[in-house]
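Each chain gets a letter, A, B and C, in the order it is written, and its residues are counted from 1.
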Amino acid sequence: MPDHTVVVVGGGVAGIRAALAARAQGADVALVSKVHPLRSHSCTSQGGLNAALAPDDSWETHAQDTVAGGDFLGDQDAVETLAREAPDAVLELDRWGAPFNRDERGRLALRRLAGANRARACYADDLTGHVVLQVLHEQLLAARVPAYVEWVVTSLLMDDGACRGVVALELATGTLHAITARAVVLATGGFGRVYEPTGASLGLTGDGLALAYRAGAVLMDMEMVQYHPTALTGTGALLTEALLGEGALLVTGGGERVMAEAAPRLGERAPRDLLSRSIASRLKAGEAVLLDARPIGGARLGRSFGVTRHLVKAVAGLDLAKEPVPVEPVPHRTMGGVRVDLHGATGLPGLFAAGGCAATGVHGANRLGGNSLLEALVFGRRAGEAAARAAAAAPTGQGASSRLADEERALEALTARGGGPDAAAAIRQALTRTMREQVGLFREAAGLAEATRTIVGLQERHRGLGVTASGRRWNSALVSHLELGHLLEVARVVAAAALARQESRGVHARRDFPERDDTGWLRHTLASFTPDGPKLDAQPVVITRWPPGRRAY
Amino acid sequence: MSYAFYPGCVSRGGCPELYPSAVKVAGRLGLGLEELTDVGCNGAGVLSRAVSDPINARTFAKAEARGLTQLMTICSTCTGVMGGANLRLKEAPAYRERINREFLAEERLAYQGSVDVKHLLWLLVEDYGLDRLRAEVRRPLKGLRVSPFYGCYIRRPDGILEGKPARKRYLEMVIEALGAEVTDFGGKGKCCGFPVLTANEPNSMAMVAAHTGEAKSKGAECMVTPCPLCHLNLDGGQPRAAKMKGTAIDLPILHLPQLIGLALGFSAEELHLKRHIVPTRQVAEKVSLLT
Amino acid sequence: MELIFKVYRHDPTAGTKPALESYPVSLPDGATVLDGLLQIRDRHDGGLAFRAACGRGFCGECTLRINRSGKLACITRVAQVAKDGEVTVEPVRNITVLKDLVYDVDELLWQKIAWVEPWLRPATAQPDGGYVIPDAELEPIRKAMSCYYCGLCDEGCSVIPFDRRFSGPAALTKAFRVVFDPRDGAARERLKRLGEPRGMWDCVHCYEANEHCPRGIDPTDRIFDLRDKAVELGVKSGTANPQVARHYDSFAASVRQSGWLDEGRLALETWGLGRLGELLPMAWRALRRGKLPVPYLHRKRPGAEWIRRIFDKVEKRS
């Protein structure tokens, strides 16, 4: 069975950055990913990377914007780390060959993204994530890090409370493998697929969260689900917020500016939670909301938003340069994840997490555009380094073979049981409908309680379900079954956490508790696994410099 | 109308039968050709664009200097390479100016960007007209099954079509106008393999065998191509390609002006059909029986 | 919309033959082919194997042949491709099928991309605050990097059907990205590697790649860029195919001297007497029909001296 010092699960920006960091520490590191690294969700990120690179900018103002954007739920030590290390993270990509846009003097160009009080995001047209992912992948090839591609992790190898590897299904052969290691970094991305429609990739099924949660790690801030304000209506295709940053307008069918009241100062450049709620309210009132990109100008649109323009043309037959296009908010980024410290440590020995599946606390109750890829880079590196250090001092795990045999039996039982695809699909559809309707942009107690009951019922049904399988090779039914289990596990925590938080903060909008409540709820929601459902707890928000104040945009 | 005539190197080198055939056919059709004799090889996609763009700008400037804006070629590769260069020079006046300044000025030449590069095939369909061509046919090639083979560069990239997608069907249209029968096959728009004859001969020969073999199996008695480089490979390379594949093919490959010439009443000898590598006797005999 | 999806099904390890299976599919207007495939999984067969990831045109994962033409399933609207209420979905051509619609993309793309060693090897240390570079120099790099490895250029490639080992336009576009990155300092070594058999000189520059690229990168032109750069730096072939450099040099020398091509000389200088001997049957046939021009005897074109001056100037500049 394969053995490495460190195993990284996930091949997106956080995962590759972690692997490179571990390799730089001299660790024998390997990557495991259920899709080829270049197909990771990171490639869909368009807007940019925040970093205080301009001479008249400072890491403090970047941090301050981030804290306010997160509605003061962000842990400020983590936010400080993010903002301080941002310039180096960006410059490292420049050193590795990222072709970021330049200004007229040939220096890194900066664009304005939502919730930032100035232009602070470096970018590569409308393909920033795609380009960053490629550059990292190039470095991964250069470092000759072995990669187990299209291997699906089915469980963590836990030994006496410590993580010492993973069990993974190799899709091409259908074989189950144990990959042993002294430390594991989870970088599997978020769990946006608990919703439908969503801007999330098909694979964002909360795998890392569910695996860690079942193994005893704590999930944090799971109620915080961000909607992307401007998806092309009815398609789930996201129109990058860089459009708004560079001058596009949000108008109603009647020509009224949507953000005039909610954000008189920043307007269309307000944070995503405000944008999404403002747009949703108009839609609910029966008005159409249109994104008008014409103020950006055809030349700039063609040059810097070519992919977006092409996408709109392909899926809706509309031309951004010529006409306003209808938009609606769709679930997008999940702020919750496996709780980690500043080094990606989950609290379970040998287990680390970074990127979309982790909760470092930087995003608080609402993520700012330009901070996601950045978080993946900064905390991916930190987690990789910490994992390599921890692995050097850790013992080899025991019992991998018997765990592998257990897993094998479980899979056999699953495929032996049989079952139609329609049953699994019905469960998934019921889940996403419940999440959309009752754990969506606006929430209230009755709906959330009902959602919890529904999800518990769906979990029951899922447990009784088998898999129709014609062999184990490339058995998508089997993979979907495992993913659906993860989605249900995670969704249950989201509903419970959302029910518990009796206030409105950032993306979490309770109709029955419309105000922010700093006395009662300036704290993180924690969830631990028990066989009877999540056990909720709380932990205080780390505040270093910026006391909670009013958000004014 | 008068045309600047750019015969290219191969029509008098490796395919010496092409040039006289083209001249005879043009004469019979009454195309006024003014041959450019003092211009260079366009680079054929071999020479780097750093060299070939100035050489081609010079050719265009020479045509302009004689008051000609329509430049006729008899080679797909010449058409593609010169057409591509022309596109670059026309679309970017600054680039054209730089080339004029750096390379052409001392010869007192400057390319103004007024030239259109046209293969004989395009010219026949678009300027001359298929009806006029039909009227000139003395010997309809009735019953002759002909497969078209274009050569990449008069089909791709898109820009070369100049907004006329029908250019991808002109060969069939001409074959039919001459009274012959089109034997269609999948390889007609594909690469003949000539460009990698040097770098990868096995690949090159495999392409020859695949395309000629496919046309033959579909029932073609001959193939017609507007590109002498394709001809070099499809005709000249055919015996070797067949041997490497271990089959016989024996598909005669005609130049476009030869096929037209046969229909206009020229003899096989006048069109130098005997200079081919793959024997053309059967085609010549079949045509000679037609009246 | 009520449609029939005809989907390629095959498990090569099961010893059965490939077949197109028909599935009824019911989709809303505006639905994509990927929506249809996902519905087949939901309603008919959860085991239908295909790849898809981002689902909205960013990652390039779901390239398939849809009604006999290569497309990304996630951004191809069913209404635009359906013929008589049918949509046929198959794997791309010229590649090993692993199961159903899943094909060996490792062979098609990933190994080739690794072969071009596409990581930056900086020429100079990075200055504080990052490299200062005019944006115009990075624009072509961004364009090349907008490639999302959908593989459609390789699927349409003229060479790959004859030689699957050819590096192909996608990998060579990736090579362009590093060779032309103004920060890179290893162009010469890279071009030497790319010049080896199965590299850039094996491209027939048929422009199929330009036609097939959905992102407008024009991979054929990027390969020309690489070849032109190789000529400029004097790296005109790899070590295993020196005839490529001889061919270029002879071609250029001939045009430089006389204004046009001396084909006899080109053949002789490219292959040398030894190889010509091997090709003798071909040469003999050509000679007999007057198709092999006698080397070195061809006349200078009028105005040849001006052509020579163009060569001189280009050489002096580079």
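By definition in this document, a residue touches a chain if its C-beta (ideal position, glycine included) is under 8 Å from a C-beta of that chain, and two chains touch if they have at least 3 such contacts.
Predicted model, so just to flag it, every value in this text is computed and none were measured.
Is the chain-to-chain touch network here best called a line, a ring, a star, complete, or other?
line
Please find which chain has its CA centre nearest to the centre of all protein CA atoms in view.
The most central chain, going by mean C-alpha position, is C.
Considering only mean CA positions as chain centres, point out the chain farthest from chain B.
Max centre-to-centre separation from chain B belongs to A.
How many angstrom lie between the centres of chain A and chain C, each centre taken as the mean Cα position?
The separation of the two C-alpha centroids amounts to 34 Å.
Report, in whole Å, the distance between the mean C-alpha point of chain B and the mean C-alpha point of chain C.
A distance of 25 Å separates the two centres.
Take the average of all CA coordinates in chain A, do the same for chain B, and state the distance between these two points in whole angstrom.
Once rounded, the distance between the two centres reads 57 Å.
For chain A, what residues touch not just one other chain but two or more?
Chain A, residues with two or more chain partners: not present.
Which stretch or stretches of chain A touch chain C in the complex?
Where chain A meets chain C, its residues are 35-36, 38-41, 43-44, 53, 90-91, 94-97, 99-109, 124-125, 127, 130-131, 134-135, 138-139, 141-142, 149, 172, 199, 201-203, 234-238, 303, 306-307, 310-311, 314-316, 420-422, 424-425, 467-471, 473-477, 480.
Considering the complex alone, what residue numbers of chain C touch chain A?
Touching chain A: residues 11, 13-14, 30, 32, 41-61, 75-77, 98-100, 102, 105-106, 110, 113-114, 117-120, 122, 126, 129-135, 138-139, 141-142, 145-146, 148-149, 178, 181, 183-184, 214-216 of chain C.
Name, in rising order, each residue of chain C that touches chain B in their complex.
My answer: residues 158-159, 162-163, 166, 197, 201-208, 210-211, 218, 220-221, 224, 227-228, 231-232, 241, 243-244, 247-248, 251-252, 255, 259-264, 270, 279, 281-282, 285-286, 289-293, 298, 301-304, 306-307, 309-311, 313-314, 317-318.
Show me the residue ranges of chain B that touch chain C in the complex, using the header's touch definition.
9-10, 13-16, 37-41, 43-51, 54-55, 58, 102-103, 106-107, 152-153, 155-158, 190-191, 193, 195-196, 198-200, 202-203, 206-207, 210, 236-237, 239-240, 274-277
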